[in-house]
Amino acid sequence: MQPIVDVSPPKWHLGHTTWFFEEFLLVPHLADYKRFDDSYAYVFNSYYESMGKRVVRTDRGNLSRPSVSDVYDYRKHVTNAMRLLLGGPISDEIKPIIEIGIHHEKQHQELLLTDIKYILGNNPLQPIYRDKTDEVLIESQSHEMLSIEEGVYQIGYTSEDFCYDNEQPRHRVFLEPYSIASALVTNREWIEFMDAGGYENVLIWHTEGWDWVQKQQINSPMYWYYKDDQWYNYLLSGSQKIHPDAAVTHISYYEAFAYAQWKGMRLPTEFEWEVAQDKFQWGKRWEWTESAYLPYPNYQKPDGALGEYNGKFMVNQKVLRGASIATAAHHARSTYRNFFHPYLRWQFTGLRLAQSL
Amino acid sequence: MQPIVDVSPPKWHLGHTTWFFEEFLLVPHLADYKRFDDSYAYVFNSYYESMGKRVVRTDRGNLSRPSVSDVYDYRKHVTNAMRLLLGGPISDEIKPIIEIGIHHEKQHQELLLTDIKYILGNNPLQPIYRDKTDEVLIESQSHEMLSIEEGVYQIGYTSEDFCYDNEQPRHRVFLEPYSIASALVTNREWIEFMDAGGYENVLIWHTEGWDWVQKQQINSPMYWYYKDDQWYNYLLSGSQKIHPDAAVTHISYYEAFAYAQWKGMRLPTEFEWEVAQDKFQWGKRWEWTESAYLPYPNYQKPDGALGEYNGKFMVNQKVLRGASIATAAHHARSTYRNFFHPYLRWQFTGLRLAQSL
Amino acid sequence: MQPIVDVSPPKWHLGHTTWFFEEFLLVPHLADYKRFDDSYAYVFNSYYESMGKRVVRTDRGNLSRPSVSDVYDYRKHVTNAMRLLLGGPISDEIKPIIEIGIHHEKQHQELLLTDIKYILGNNPLQPIYRDKTDEVLIESQSHEMLSIEEGVYQIGYTSEDFCYDNEQPRHRVFLEPYSIASALVTNREWIEFMDAGGYENVLIWHTEGWDWVQKQQINSPMYWYYKDDQWYNYLLSGSQKIHPDAAVTHISYYEAFAYAQWKGMRLPTEFEWEVAQDKFQWGKRWEWTESAYLPYPNYQKPDGALGEYNGKFMVNQKVLRGASIATAAHHARSTYRNFFHPYLRWQFTGLRLAQSL
Amino acid sequence: MQPIVDVSPPKWHLGHTTWFFEEFLLVPHLADYKRFDDSYAYVFNSYYESMGKRVVRTDRGNLSRPSVSDVYDYRKHVTNAMRLLLGGPISDEIKPIIEIGIHHEKQHQELLLTDIKYILGNNPLQPIYRDKTDEVLIESQSHEMLSIEEGVYQIGYTSEDFCYDNEQPRHRVFLEPYSIASALVTNREWIEFMDAGGYENVLIWHTEGWDWVQKQQINSPMYWYYKDDQWYNYLLSGSQKIHPDAAVTHISYYEAFAYAQWKGMRLPTEFEWEVAQDKFQWGKRWEWTESAYLPYPNYQKPDGALGEYNGKFMVNQKVLRGASIATAAHHARSTYRNFFHPYLRWQFTGLRLAQSL
């Protein structure tokens, strides 16, 4: 099912990541490889316009075929062929494609979990996904503002390891002096915001954020609900009372901005975040920044279908920095740039405050 | 999945018909009956507002729980309890509820098949449902216009057997003289209409039908597509070339009306159909009529939840008469009134012409 | 301005009725007639698809040109030419076109007033249109139910005078016995309905009517508002307190139906209304009927552009009978069939109850 | 009329700028001042939530009252009172409010002209606004790329004269080396882009821009149309053939971006534009930049209603730099930041290319 356009059916994630290996590695580079099913390219292509026709995104939830079991067979077929390919000599040409295929799959692993949470969390039965999760994040460090000096800083990825095109090229940015919080905003603080009428005070919202609050009737983070004089939230391990010391999660950029306005502070830019990030702990919540998602100076879009990976989304989205509890191992980087529309809340998003000095 | 609001997921049909027996028979009438799951009422109530909260219709496709297997267990639970109930003495009070429960299930059996066709027929893989179906209806009788005399006729159900509230009370209707076709319009005739520019000629359409044609870019019946200079259509047994002698199927009321206008004729009213129906064969296609779905004189809405069954839909819908190849055995009646919005095409709908004399 | 799609700018009504005379009478029938402005046909054609391109209806409100003064000049130009035409011999061919042109203009005179009320009544300044109006209709007759016997009745227009195509042909209808109210439902009765929770009781509404109430947040007739513990309504003569004895006005079909359900009664069909109409007073309110707007048996659509006048609207609309205080003199007839979508309320609509016997 | 939400009726601009002086200067600062009409605040407030209720923006086009003549009277009343106020001693407190009132009016003078062009240019009669305009901009300078060195640059307003809050504070930005075009892209170049299939090539568009092109069926700049094998465009002085040497105008950010992609170049950031602007001519077209509209480091939102002026729009909009032929005298500044949603085209927008070195 696909309850909102951003959430894909779990079997689609599996089919799509499998298709990626088939289409970009096996078909062009494994001799005698035969596609599992010619029609799957049409079903599991996500948005690579250069690779032919595709099921438009809003229709993903209506595909009862291929079945879950068909998709597992497809996976097996492709895994076996990948073993063959990887067992032979690996040319320099295909190395970066293998690498991006793995990283692409890790991205979908993260989406898989957040999409499952959305699907279950919006089911009136509130089914439990698994008994234990580490969704409740309690940060133990002291809450303070860390000062950073003005200066020209290097931004972007520099090592020889893998990174996405949008993290490059490394370039210089001048930062005016600022401070940034050592810890994320907590549920306790968020409830103070709610109790102070934060969701009803038009003056702290963007016009567009205020329209969203009004139309969607937003009055708390996603997955929260009020029962018997108490706030609860849905977790993958089932519903439970809000933990006041945990980091607030599942908020939109609009909400993050309004909260910061209310505190007389602001969100950090993605550059401020990257420069300061080794001074605080991060990696359990995607953190909204004030930065719009834009190309770095001298950004080069890769040729061919992989060129469609990042560049074409660089308008009307906000950058998130960090990672989340749903992020695959070794997939987090201090230069990683995630990006979403400002109204989205289904990722494990959080909020860190900043201030100009 | 629920690709359009009118099409429900197959497992939902099973759950909903099961819930009907649980809610209206077992809970009130079987001693010590324990609901299978208290939350199912919320999920499987379709539109009985009197029976409490329900999942709104557009959300049916997003319920990954209860799973298909859960729903089968639910069915088994309710079937066993129904055996107990039916094994004991059956009071006069519950007899009509048992009866309507069975008829309700037959209606959903029909929807189940048409919904499956919609789901598979809109999948780009066009999966086959089963090898053989009797979808292609070739009528062998001579095509002629049957004349009916003017007069006061009795309309509506009269026997002591079951019928729906909307078929009653039996009452009198005056009909001016008319003729009605002995056979349904065929694909050959429909292709003549298409070739004559029927879908481009605004003057034969209702304003509202024309808007629909323009916005939805309609240029053929549903499930038809053009390939290699030939019209094909999707059937439950797979795609095949259009059979010119078969009855045209999967058309909206708007299209049926425009076709009749183009022929210089019209659709019969539901009363004309009912009066003439023993003079021709019917039962494989639901036939659009010119009649709006309205209450019969002195129509009485039943009390309680069952009163919500029919009456509340009596505005902005058109009556269909007959039955279809998806209709359950013994569910067809000459007084049966089906009803749909004029733009709907996913049922096995067809068209019979009529004319005033 | 055109605040909703059904309401046209006043100057457009004047331009459109003028264009009707120019297009259907002067251009084809007055020698040497020169169009005032060739582009006006494009602006002032309403929906006659046969007469060429037109400004789509939702754009009427965005035409700052031709100006009001241009349209008056256009009118003068056409009036002068019509004088010439009418001064000469009038052929049998053009007589019916002159006649329909006049009746068409009368229809727009009615719309002009209801549209002006909508435009002013939705302006936050609530401007007064004129000091005195006869909008408040207090019926003095006794409120009783008038019984009508069963039988075959003649329906439709029969005299040689003008009537619209949709009032013909005269034909026979059988009516089961019924009773019909001698007077319209009053504001006092409507307030009782509101106080009894009529707008919150799903069981008395059509499903579609209930959706409308919910989405539009309807809780009273149009132009009503509550202030200082009292219901007020906007009139063309300015806002004033609701008069309890006046006929309720500006209600939709949905509301009329729900009220009748709540009373355990129903609306009359248009045939019941026509048969009974000489037994009660009418003509100040358009009265909703239970009848869908459908063609009479053997209805013939006129040829050419005038054929687009009525027939193409015969789906998904409800018939209203009677007339209203905005109706032009000599424009009311007992066989007149007005028709609107069931949610519309900007006409002077009212409600008369009926009951099967 | 208000044909799209961004375009206001001309009389509304006059009423709104007048209301600004009344509300922020006369009511609080002129003794014994009496409002012209208490209800006007409700009609002419645009978006100052702190100042009370207002007519929502999409309803501005439906206000037939106050009439044009009423608004002129309102203007006269306020102008006379402003003369009184300005004739007396002017306190330091009100000086900045007078200043912003004048700048606010200049902004609306620009909108007035672009809105009039939209209203007339979308009228099927294509009325002429005035005989002569300077809309066709032919730049005579040589077309070359100007190189700018890397470095830390000062950005933002510094003089003591008036500027908007969003141009401050002056701060430092590091720029990598780049080049920027000495001239705007011309119609001839744009037609080459169109002829090369620019509007059909998905790979050069943002995903969001491509959706816009598809849904709106965009295939040329706004106001262009094709007739007799030739491109024309509507100008305030009437329609005429496209001048190939004139700067292309009325394009969206999406189109500007796609064009730059097609050329293998990009748009300048607003900082690159500001640093380079004294090396080329500008001021006749608003120029789209690659920059999202965001607050400068240490940006302070003013207190009170004036704080709503700029800050609350800082999400999902793009910065434009320069000015246009519709800009009031002395209203252009090299630090001026205009901003619009990326799909908007009704301003006199143009495009200057840039490139990283």
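Chains: A, B, C and D, in written order; residue numbering restarts at 1 for each.
Going forward, a residue touches a chain if its C-beta (ideal position, glycine included) is under 8 Å from a C-beta of that chain, and two chains touch if they have at least 3 such contacts.
Per UniProt, the chains are A, B, C, D = Sulfatase-modifying factor enzyme-like domain-containing protein.
On a predicted model such as this, the values are computed, not experimentally measured, just so you know.
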Set of chains adjacent to chain A and to chain D: none
Path length in the contact graph (chain A to chain C, fewest steps): 2
Angle (degrees, nearest 5) of the CA superposition of chain B onto chain D: 180
Comparison of B-C and A-B (more C-beta pairs in contact): B-C
Inter-chain centre distance, chain B versus chain D - centres from mean C-alpha coordinates, in Å: 55
Euclidean distance of C-alpha centroids - chain A vs chain B, Å: 44
Averaged-CA centre spacing for the pair chain C and chain B, given as whole angstrom: 34
Contact graph of the chains (line, ring, star, complete, other): ring
Chain C-facing residues of chain B, complex: 47, 49-50, 150, 152, 171-176, 178, 202-203, 205-209, 253-254, 257, 266, 290-292, 294-295, 297-298, 307-308, 312-316, 318, 342, 356
Chain A to chain B touching residues, read off their complex: 1-3, 39, 42-43, 55, 59, 61-66, 119-120, 122-125, 127
